[in-house]
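Input: a single structure, listed below in structure tokens.
The letters A, B, C and D name the chains in turn, as written, and every chain counts its residues from 1.
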């Protein structure tokens, strides 16, 4: 059976930055506290939403230290070890565990061009070298490779990985993975990264969700998950539909890069909601402004997230 | 005008490994010596052919130290600073320059999802933070983004980059880049990474070539380049056609990963030719063997690379 | 509000062929009868599952004549007018309507390279020229373009299209489309083409489903849809999970083409189940055989589809 | 050896349209005459540049009749039979041959999802059913599949195809194809569709070129090809570089669709040069206008194509 520690709502933490681009550790700690007291079942630090790609190793380690210190064992801290290949992931992963993380997350190899057998060995080597639970992160839009359900379940059965986060956009594949995992005795905790279908994925057997949008409105996700777990799908759908109207903020910045439009919208909303003081993005991404920002504020008011 | 130091044959150095996967510095030094005395105009260390993705920062730095020491200033040492984003590339790049490199090479951001304006800022930030000539490396098969000719020439005119290596497979775009660069006063040194069209690219204005296959047969590339520079295209084509028959070794390992098939074939040929003692690939890639290896040896004999 | 005729289970009909590749109209009529008496709410003839790409115009028209005659008005007959561009789709569509179809289905332009504004005009022109309800078919794996939710809802509001079939694999986009369509007054009937997530899509608001697998086991889809409509999601999930184990037949033929593996598996199962006499595929696709076929039969027995 | 009729400059004919979108047969005939007397070695009608995707079967046939009548046997007429699958291509191909074409051109299957073995059978079936020389057309940007050099040479050796037009953008693959074809006894006539590298491709062994830009400035291509054939590469490069500056017109319409920007620019230039009276594009593509058109005219004057 999958590790009972890993389930439920595990937001990929946004990384608050100062205007000069440095990490705002005070606001990061406050945001973590807001998440933990708000009812998350875990936190995922240093994911794509946390702008991991843009941060140096020293910054990544300092962030995990802040997060782990603030969480103080109340929920698991899962840390993204986003690197190109097994030797590099393992080195990064050991540093993140030393900094206080409880588990690490790795993607398929990046930049390297490997087949499925090599990708399996990639995860095996990481697990051998990092003495901590390992999650696979399936994110083809960034890694340009899809992890097959068969590969994931086989790695689960071997004890190499304890779970996976699905950001592949392929809910058909995720459904297939749920079935295969169950047939294998459920070695994996299966998290969807798609914040707009949590009601449906909870219905069909997802163990948890990693919703970037929970950085903006955690209480709605907590209500959604609770309703779904209690079988009250009418209530779950109601919360989901509110969240989906809120999620439209990520589609406003047409013509901007994916990172500017997506994480940029989360930061803009968090600033509008008083959760962070500064919507600065990691260089070279520029924060959203002008008409795009005005339209995001309009959505925030329309859906009732902002009261005035 | 582009920096006169950067032109001609600049092989992307293969990284010789021991059977346990560690770097064989003695063979690396010997291979560098073979290249320099053989007539290269520069060396490109820590490119894709050098298995850069699989090596740790410490290994990368040690490799550049060995290469720079062996080259001893006879030709420029260009080092790949293959990292995800500007802050990380810059940090890696400074370390490589400190280790003895004369210039660095950076790709567009990896894993991060940026637009062309952000990609331009990415290169600008790297150049600000690393006090050395910077090359752009266009390799969409790994980075999943294409650098536009306009972007490259603009960065050249600004003094941000001194050249580019084209591994995009898009010779039409490369031709357009040659024209734009010339119209802009030739700020860039333009290298094709396509080892099978060097004769044609030399004809139409490439400043140099970065041929992985030159690790296997440098003398043929030296003869090819010399003939092309002297306008003896009949001789250049003759050498190119021999090299292209030799290059068929990279297509033998059907069904294997791109890195196994390509770099694996170079290493297999180098071992057969006595240039390295061991064809071990960086983990998790396995060296070619069995029927694939036999077929590669057959090609090496058929084209006359091996004498028996 | 969307047209009340279009909802529920609308299978994309397999096209039974004789051993020589000609259409077996007798078996086609029998299969249509099996579908209609089995409880479908409509039939979709000449979709990808019907091997539309491989059939001539004359064959397509004859098929619609057979289907429409057999259906005899009991449910709507929706016909795929799969062609490259508006003039060609419209011509094909008029012929299919003349042959008895009640509505037609068109994809985005194929082979032509158009932007979203041109794609909108494409659908507008088709609707002007064909006096029948028009569905949009979103199938990027074949057409290599994604129809945006905004485009679809705008075309619905204009009265250009009455619905869409989603075979994009993008359930996140489909969920967004459901919300936009509702906000616009529900001009569109929204069908998912993903047969493995019907329970979840029914929960969140799909109007219907176009399941290729219903050619193989219609009764299970009828029970599933009925349970979902009655709010008995436990029962719906049970049926879905059975169907998903059955659907594994399409993943058996690794290394074969998409059409051979997918439609080929449906035909193999239908033959095993006695629904057609011949699993011949349209030229140049070869029917599944050997170990692949044996493994499909094994799955059919394991899930209880075949009794011995 | 490849069929000696097929070589040299074979422009893909633009299809002149009237303002209402109907084909302007008088201008088509005049354009054909301009091409033939200008020195082409063949014409390719109903290619992508001829807007084949947008035209009905009746329009395609009428166009071939006009072209063949005007050419009157002076050079070969090659006609694109652009359809989804073998049965449909063959039917279309027979009609085009009956209308006067000397040879037909077919792509890999479209919309259908086939593997390389099925693609080979696709071409075999077409050849069986159409009693005329067959060319393969490699255009992944439209067909989303690449034809491998091995497949093409094997089909050439079998007598299935007599040549190929390469619009794949992959000059490395084209070079490999040239070598394989020569080793097989040159069964194929190899045409590059890349109008900006004709000098280089002629140097390395292309048999001909299918340059869309020759619709705009045929004399320059005739001079270029003559120079290359005589080994005067300095002159060939001079012509090519002029043509490449002219070709920049296709990059002006940023943000427009590929067909609008490319064929639209050719038509705009032809109208400016007095070769056609109307730059209308096939529906739903709108002709270029406004600032885009002004910029195209500026380029035409800058390079000396227009005199004032």
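Structural remarks
Simple rule for what comes next: contacts are C-beta pairs under 8 Å (C-beta built on N, C-alpha and C of every residue); 3 or more make two chains touch, one makes a residue touch a chain.
A quick note: this is a predicted structure, and the numbers were derived from the prediction, not measured.
One inter-chain figure worth recording: chain A and chain B are separated by 36 Å, centre to centre, where each centre is the mean of the chain's CA atoms.
Rounded to whole angstrom, the centroid-to-centroid distance between chain B and chain C, based on C-alpha atoms, equals 49 Å.
Counting partner chains per residue, chain D shows two or more touched chains at no residue at all. In terms of inter-chain touching, the protein chains here make up one closed cycle, each touching precisely two others. This structure has the following touching chain pairs: A-B, A-C, B-D, C-D.
Residues 48, 53-57, 59, 82, 84-88, 91, 109-115, 118-119, 121-122, 125, 141-144, 255-260, 282-286 of chain C are the ones that touch chain D when the two sit in their complex. Contact residues of chain A toward chain C in the complex are 169-172, 175-176, 179, 194, 196-197, 199-201, 203-204, 233, 237, 240-241, 244-245.
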